[in-house]
Amino acid sequence: MTTLPIHTNPTDPFLRMDRIPHIWCPGCGIGTSVNAFSRALIDAKIDLKNLAIVSGIGCTGRVAGYVNQDSFHTTHGRALPFATGLKLANPKLNVVVYSGDGDLFAIGGNHLIHAARRNVDLKVICINNLIYAMTGGQTAPTTPGSVITSTNPYGTFDSSFNLPYLVEAAGAVYVARWTTFHVRQMARAMQEMFSKKGFCFLEVLSPCPTLYQRRNKMGDGLDTMIFYKEHSKVRNGAPTSEVALSKAGEIVVGKFVDRERSDYRDLMHDKMVESLGDRYVESEVCECEM
Amino acid sequence: MKMHADPAGVLTGSHFLDGDHACCEGALAGGARFSAGYPITPSTEVVERFAARVPTVGGTFIQMEDELAASIAIQGAVWGGAKAFTVTSGPGFSLMMEHIGLAAMTETPCVFVDVQRGGPSTGLPTLPAQADMMQVRWGSHGDYEVIALCPNSPQECFDLTVTAFNMAEQYRCPVFVMMDEVVGHMTEKVVIPPPEQIEVTPRRYTLLPPGEFNAYEPREDLVPDMPRVGEGYNVHVTGLTHDERGYPNMTPDVQDKLVRRLQDKILKNSDKIVLFEEAQVEGSEVVVVSYGITSRVAQRAIEMARDQGVKVGKFRIITAWPFPEKKIKEIASKTKAIVVVELNLGQMVREVERAVSGKVPVRFVGHAGGSVHKPEQILKAIMEVAR
Amino acid sequence: MAKGSVQIVVERCKACGFCVEFCPSHALALSSAFNAKGYHPPNLVHPEKCSGCDLCGMYCPDFAIFGFKNEAEKPAATAKAEPQTTAPLPANNNEEAANEDAR
């Protein structure tokens, strides 16, 4: 990375500057996560040409439209299967899935567990703002109990997912959670994921000041960031069964899972070689121009 | 622009194959090196064969968790550089509808094979129908056009699958091979030529360098060149209405320009896309219009009618969409009545009626599905309108 | 000379207040100036305290501010005539008033 002239923001080369300012609300943490992502790319010295970002639908889904790499804004919940096809057809790509909690865990829940089970080499950054923000603040599978949303106007009452627990159980090899307050740790986690092979998952807790916080009189984005600062407890290696979130309780952050397991391609390759020997023809990059 | 097929995927020779197996070979010959699928009768054999064949050809098959995943995984693979397809039947086809729209909107070349079975819903998993014909055209939301081809034999399952991949690349759209359970499961001779005799259309990548290329700027044929992912083009692909850079631009003007072009690139080229078979139409009293397996039964009925002295013409639809409107209008001007036979309760007949615009009577011989027509049913209709 | 300084892209700021709150030196405050969208962008009210750590830059969701370390003889970068410049200060800008205004 060459030294930039001093008047350029180091994050600018990673953004489609012709689309900035972005649409995210004041105090929304998605921008902060993209900021950390840019810094992680710098520190990891990622070859940007080989980087592909795949997102779904929602506020976080809009990330694909702002990052200055090959980016794919797919359908709601289906970023992971798209990314699976992209990665398997072109394994030299570094494929990041950047999407929200509703997109990845409600409509996309089935794809999430299978991508983790397969251990496809994908880096998943899940911005968890505990709500469906883009569509106006409906309940998400991560929304805690006893909060007001537009589809639970009298208060939520059912259970919410513990994302790290779910993803670990499904088979992910790297599972971490930070909040948008933890800017350095977030960037470091993203950087760690880039150098780890397999299904890596980072949950980033973020404010949604316009909908989640406002409807529940929890203040604005800054108040929420201060809340994260005061209520977060770093517990690296904590059992994921113990890191569930609640409306106003402790937020356990840290790196919870970092283990080794062959990724989908390696497993496929090994099995094919075992069964077919010399007859196995590996295609490194599917090239349809012959 | 065409090239010869990659020999690795071509099983040259004379084979005894059913339609599903022949379709798989057509995909391989057409250059498919990625497939994502989900088991559903009566289509599963296509991907089962692909799973067995492609590791020795050089490619990947992955069984996904559902048809929603399969129908978008192939699109990821296409952007990764591969030719890709998926295979399904009615219930799975319904699940794929959103992603068919995505492929149309993002101009992702890919092939979907629907081996039609009795419906609606779970219906008749092991028995034929041709009742997804309107769905293939209108199933996803919004305005868009597709290309759909109907084979009537295992040989055509091979040939038309190759054609499907070529058309997908040429028009950058989803292309459908509308088989049915009988064509899929009937076993006949399939001749696979040597690779030099199989023409394939390569993907038209841009020759412009990054920075000069607009991902959705069309060429003269209304189709944009494709960018290579991983080469610094920083392409942005979105299902949102977008401008020629590919950036979301949700205004009525951009919407009109984009969506009309998505339709025009197919409709304005329909002369090259519409495939059909016609015989003895000129001076006929009746023309029988049919497609797929039904056309095999119709052929028998036509011969029986001719034996009885009726001048019967035949029009077999091969390209169902874009609908062969011009040809049907032409037929209506050359004959006195049209009989439409299909394995449903009235789908393509509506298009025929629309094109004919009342010029000649149109008689429909339908069937709810589960078995093919009997030739006598069709013969009866021919004789009645001929009078 | 301070160890560092900040560059503020005034028109991108949405006055979320993250940079002000999390600056370890409390060198920033929201100004009483307005940008085109009606937000109060921040200002470096204690430039002598700025270490150039760029924590403000890391927090900013709108890529509207970043910090940099001053090199020994470097002239102030904020003089560049581009949209990416610090807003001119209104006459009696002070930290307390600005915080009240903005919050």
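Quick notes on this one:
Note that the chains are named A, B and C in the order they appear, and that numbering of residues resets to 1 at the start of each chain.
Rule of thumb we're sticking to: a contact is a pair of C-beta atoms (placed from the backbone, for glycine too) under 8 Å apart; a residue touches a chain by one contact, two chains touch by 3 or more.
Computed from a predicted model, the values in this text were never measured in an experiment.
Using the average of C-alpha coordinates as each chain's centre, C ends up farthest from chain B. Among the chains in view, A has its Cα centre nearest the centre of the complete protein Cα set. One finds 37 Å separating the Cα centroids of chain A and chain B.
Centre-to-centre spacing of chain B and chain C amounts to 59 Å, using the average Cα coordinate of each chain.
Our note on geometry: chain A versus chain C, Cα centroid distance of 30 Å, whole angstroms. Chain B contributes residues 3-6, 8, 31, 33-34, 36, 55-60, 62, 64-66, 68-70, 72-84, 98-99, 102, 200, 202-203, 205, 229-240, 247-248 to its touches with chain A in the complex. Against chain B, the residues of chain A that register as touching in their complex are 16, 18-19, 48-50, 52, 54, 64-65, 68-75, 77-78, 80-90, 92-93, 110-111, 114, 268, 272, 276, 279-283, 285-290. Contacts from chain A toward chain C in the complex involve residues 6-12, 15, 20-22, 24-32, 35-36, 39, 180, 183-184, 187, 220-222, 225-226.
Interface of chain C with chain A (complex): residues 7, 9, 11-12, 14-18, 21-22, 39, 55, 57-63, 66, 68, 74, 77, 80, 82, 84.
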